[in-house]
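For reference, the structure I am asking about is given below.
A, B, C and D are the chain letters, set down in written order, and residue numbers restart from 1 in every chain.
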Amino acid sequence: TQPAKTYKLAAIFPGVINDSDYNTLGYMGAEAVKKDLGIEMAYSETVAVPDIDRVMREYIDQGYNIIWTHGGQYVNQTIELAKQFPDVVFIAEGDAKPAEMPANVWFIDRNFHIGFYGVGALAARITQTGKIGYIGGLTLPFSYAEVHAMQQAIKDSGKNVELKAVWAGDFNDPTKARQVADTMIAEGYDVLVGSLNNGMLGVFEAAKATTDKKILVTAKYTDKTSIAPDNYVTSLLYDFVKPMKDIVGKIQAGEKGGYYPLGFDTGVSLQTPFKNVDPAVEEEMKAVINDLVSGKIQVVKDTSEIK
Amino acid sequence: MNEFWLTIISYAKLILLTIVPFVLAGQGTMLGGRTGIFNVAQEGIMLVGASVGFLVSFLTGSNALGMLAAMLAGGLFGLALAYFTTHLRMDQFVIGLALFFIGVGLSTLLPKIIIGVTLTPPLIPTLKDIPIPGLSQIPVIGEIFFKQNVLVYFSILLSIGLWWYLYRTQAGMELRAVGENPQAADSLGVNVPRARYWTAILGGMLMGLAGAYLPMVYTGTFTENMVKGRGWLAIALTFFGGWKPDTILYGALFFALIEVLAYRVQVLGTAIPYQFLLMLPYLATILVMMFSFRKARVPAFLGQNYDREKRAL
Amino acid sequence: MNAPILLHMRGVSKAFGSTQALQDVSFELRQREIHGLLGGNGAGKTTLMNILFGLYRADAGEIFLNDQPIHISGPKDAITHRINMVHQHFLQVGSFTVLENILIGAPRKNRWNNRYDAEIQKIRTLQERFGLEVPLDALIEDLPMGMRQKVEILKALYRGVQVLILDEPTTNLTPQEVDALFQSLRVMVQEGLSVVFITHKLREVMSVCDRITVLRNGRNILTLDRKEASEEAFVRAMVGESMDMSRSVIFAHAGQDLPAPAPVPLLRLEGITTAPDEGSVALKNVSFEVREGEIFGIAGVAGNGQRELAEVVMGLLPVQAGQILLRHQALPHPDSRRGLKGDFAYIPEDRLHDGFLPRATVAHNLILGLHRRPPYSNGRVIDWKTVHARALDLIAQYNIKASGPEDMGGNLSGGNIQRVMVARAFSAAAPVLVAHNPTRGLDIPSMDLVYQRLLERKRQGQATLLISEDLDELMLMSDRIGVLYKGELLGIVERPAFEKYTIGQMMSGIRPQA
Amino acid sequence: MKKSNGLLKIARAVLPYLLAVVAAFAAAGVFIALMGFDVFKAYGTILFTSFRTPNGFVQTLLKFVPLVLQALAFTIPLTAGKFNIGGEGQLLVGATAATVAGIVFAQLPPILLVPLVLLAGVLGGALWGLIPGWLLYRFGINEILTTVLLNFVSFNLVNYVCTGPLRDPAAGHPTTIAIGQNGWLPMLINNPPLHSGILLAILVVAVVYYAITRTVSGYELVATGANPRAAGVFGINTRWMFIASLVIAGGVGGLSGALEVAGVQHRLIEGMQHNFLVLGLIIGLIAKGNNLAVPFVAFFISVLEVGASAMQRTLMIPVEMVFIVEALILVFVLLSDLVQKRVS
């Protein structure tokens, strides 16, 4: 009823916006909001955990009234602050609906596991040695969920392949990731599924450095063809343009909070056409992906520990 | 060749691949220490080396230039350390820490300024293995030792060379004298400041190269803080390497073995949480020091500054 | 014989921070002469020669060699002019062999190998010529002082010298070894060398030198031919008018009429035996007692267990056998807190390492070891008011040259550091004092002050264990002197039966025949 | 007369710092200008953000708490001549212990739980300081190495705890669930939030200063640092001093972690140590190990840090720039020493 008030968006990123990865996606989302919705936007890079509360408050001081924290490490403090500033809207990200959700919080659930069913199905079909390696950063709930989803896919594919999950201990240490990947290759794993940020680069280098056999790699978030054209298969693409435009739009329409799960309908997709994969597999996978998107395949979100 | 040998070979290659940054940084530390200069800025210098090395080879498209630049940058840090300690006689640890801070800052600042925002990751081609004609044909041995990248060869030859220089030549004997008792060396006409300068600079260059190794071989790109404590491990290595080139090489092999095995255990599957496997290199280092540290013969003058006209207080 | 002048230093001045070490000093050296350079501590002897050898850079002055002005900017230059120096504290690499120590910096055709056959030959011939037998492949740190000095001389000869400087070469030698050294000096002079011989011991100078130059407070007072001068002349020159001789212990020869100690033993060592470990001499079954009002002297060549003895008495060094009794009470051992408890005071031999806090204030230094007891503290909190007052008092009493109690220890001169050591020890007023080379680095007036304080203690019936490498000092102050050799107490002589050469014999390990 | 002397003394002490700061800013300014930014605007932001808004000031105080404690964790052993580079490890282990205590005993009333949480943090940190202390005492291992290496061990320890049974399923990041409300530090101000930990930090500063300058143990610590050999000869148990100083430092470091948990995060979060260690070292070194100077330097650095992120946000100048300014200040402060020596 009252005239739509003007909104200013502040986006806060855990890493540098030019990582051509998770932060870049966020940056593009924020840019889109700025361009397409004509909303004033400012952002902060590499905001450390101890600083997040301060940075959010500084933005609020400056009259920003939509605060988006683009990372799971911020979710708790974002919600805490939301309670203190009811007329500022907060957008938080995480992997499971938080226990308490103030009315002025939008929660983006990243639902990584759904896409990883597809990755698993693909990996099962392209491994020669029958050994698939999943390289994660840390044993976070979403990582477990990803691995379980892959297991579900492998089971459904009826193929007899082994899936091994290992952890580099860090999503952003390419050197460690490289060493893990080297080890897996030495142990005969020929398909490496990366669920890392900067670490991904180490996995690709390991694959490139292997000359005596062909190592295939899948990645996450963005198209990484250019890094290793001969080893790259696909990537589980994410997108924050549509989600952010949706949410900010809703905010403008007066919807101050809500739950926003990411999925195939919001821009998540398995990058096609696959690289370095024979067309037959490409065909099989089309069906799988369709069933996924249509919801015919229900991917179980299982965050229990991997033994 | 059967499965077993293939595994052996690939692990042996991995170990050699892993020792390089430790050997380079360790020998660099040892070299400075031999004239009494105790560099504690490795972590920072390696970061700068990684950053500069990556940037230059990214801009020029030449890894050789990149490594050269990394060594130059490291050399500058060595020069600064030598100047502040040998010339201005300031505390080596304090200056070392200051250089470490500057290194950390510069390493992330430079890429931001020079490359800025790109939407595809800036990548450089990593170093290719260079098979040594003939030798690389030898079964197993050839595969392991003579199909490596240039820096693996370099770090091993460097260790041998340094050992020969320090223990088989008069020049090296005089250099060691500087680190043991500079006043004695000085009173016999050895140019102590010169020795301290060049060892500190060359040491810095080696650390810079050690840093450059990470993007050049492991990752093809620079990422913030990518050295992740290897600089500090190099100092530890130098201590339990007894400040000797040969034992430092063995020490590095031991390190690499631990690292590689830690990952292998994880891949083969184990009840031990991976976080504890990742602690292994650090814990093993401490463990080894418990038994080797007292015995390690440290250069007598390590960490001190020599002033001809000042009597030791 | 007036041989031509080989070397001439003219108008040399040098300042270290505030101290003017040398003020317009001139010095000339004739060919084939042994020239004594005489002066108290801190007179500038070492500084002058360090300048000649290029270790210190002179603020002013010039040097002529055979009437040619030469410029020496570092030892390298000095060596090329065949000037060489044997330092007071040997400059040697302990972990290297004798051979390596000689060859450091020696010019070679090919510096990229370590085949030293030719060099070894050359060294052997030198050793024969001057009778300097040393095993070339022995590690320096394993050699006794006498040997290490030979190495030092070999280093000089190997590089070919015409001017050889010896800085207090006799400090660590027995009278016998001293004679031997003087022998080889004479040989060298016959071979055409000229020798500068630094010392503050008059008798030595008189026995070997052809000419003698005396320095005092950085000025050269006089240069005389030995023949045409008397001891008194030199003493005057060294000490200066400043000092009031009448109250002086040194010149009053107070030793003779010291009050005899009471026969009551205060400190007693019984069969003390310590474990041998590298770098230190083991004490072997050492027993003696120090009585009330007694000064018990320990003589011996440096490094024969003096340090170990002092540390055992202070409870720092564990023993394998034997015990220490204070007033017939066996003391717990080892017990590094012994000093803290107030019965023992200590003047350590190595003041810089064992006694001094360069990075703390003079006040901090003056209460080290006394800091847990009144008046300085109640055991928990330090009463800095009192500390400050006392510090000012001590600084005045012992005329310690410092800007005040808050002055940093590092700014003090060696002599003043020693004064701090002494002031601290005497202010503890402990029944037992272990004084190791208490006058090292002190000029004669301050030396005298220490002696006066020692006599005061004596009168108050306190016991003093006086360990010294200066035999004259021991014979002047002690009631009895025990001689240490390789950790054994070879014998005890009683005043007035002191006799330099018999004590010297014991110092070199020859037992007195009972 | 006397008073003016005192002032003169203070001026003498402060002047070199001011010069160093100016010099550092000038040097870095050239760099910033070359990068094509507005130097004055940048420095304006850096220096005044803390004082423009109440939030800015409160945030500065919140930074000050961990930084001053980290600095003390460095300077306390430094007094005894030992380098503790393990502040962040001690912070993390302290934070871990505090978190576990805060979760396990969540039901206790505040009067019990708050002290318990802090105590747990102190003990955790002290333990992490004891290990290098013991390794030094028993095996003579260089403490610089052991303290640093233990940092890396602590990172993995935190990862383990944050992804283990106490993990927070909602956060896509290694985080534990929150500690009991009763364990949260009482607030001095609610909005912007200023927790009472700052009082505790200031208290610690005062106690440390008093203990080192006035007590016998403090004297023995100083003596040990000034010359361990001599201190030992005169009855001070120097090896014990080394251990004690490292343990106390660990405790202080642990407290900084506990305060972050109980006062700010209310949970253990991977990365919560950020760059506190390095800043703590810089502060301790700029203060030249003088515990009286530490709080002032720490506050100044906090101002810079808060200003830095504002600068990065408003002018898009990389934060590292400020880090370099800080390092430069250190170098210039060190140089100013020499200058003083030369002059006097």
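Heads up, the rule we're going with is that contacts are C-beta pairs under 8 Å (C-beta built on N, C-alpha and C of every residue); 3 or more make two chains touch, one makes a residue touch a chain.
None of these values were measured; they are calculated from a predicted model.
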*Average the CA atoms of each chain to get its centre, and name the chain whose centre is farthest from that of chain C.*
A
*Hey, how far is the Cα centre of chain B from the one of chain C, in Å?*
45
*Could you grab the centroid distance between chain A and chain C? Build each centroid from C-alpha atoms only and quote it in angstrom.*
76
*asked:* Quick check: how many Å separate the C-alpha centres of chain C and chain D?
replied: 48
_As a quick test, compute the distance in whole Å between the mean CA positions of chain A and chain D._
35
*Sequence positions of chain C contacting 2 or more other chains*: 358
*Could you say which residues in chain D touch two or more other chains, in rising order?*
156, 159, 163
*Hunt down the residues of chain B that sit against at least two other chains at once, touch-wise.*
112, 228, 275, 278
*For this entry, which pairs of chains touch?*
A-B, A-D, B-C, B-D, C-D
_Contact set on chain B toward chain D in their complex_ = 40, 88, 90, 93-95, 97-98, 101-102, 104-106, 108-109, 112-113, 228-229, 232-233, 235-236, 239, 273, 275-276, 278-279, 282-283, 285-286, 289-291, 293-294
*asked:* Looking at the complex, which residues from chain A come into contact with chain B?
replied: 16-21, 24, 46, 133, 139, 164, 166-167, 169-170, 172-176, 178-180, 182-187, 189, 198, 201-202, 204-205, 208-209, 211, 224, 226-227
*Within their complex, state which residues of chain D touch chain C.*
214-216, 218-220, 222-223, 225-227, 229-235, 237
*Which of the residues in chain B come into contact with chain A in the complex?*
7, 10-11, 14, 17-18, 112, 115-121, 123, 126, 129, 214, 218-221, 223-224, 226, 228, 259-260, 263-264, 266-269, 274-275, 278
*Interfacial residue positions of chain D with respect to chain A in the complex*: 49, 53, 55-56, 59, 62-63, 66, 156, 159, 163, 167-175, 178, 191-193, 260, 264-267, 269-276, 306, 309-310, 312-313, 319
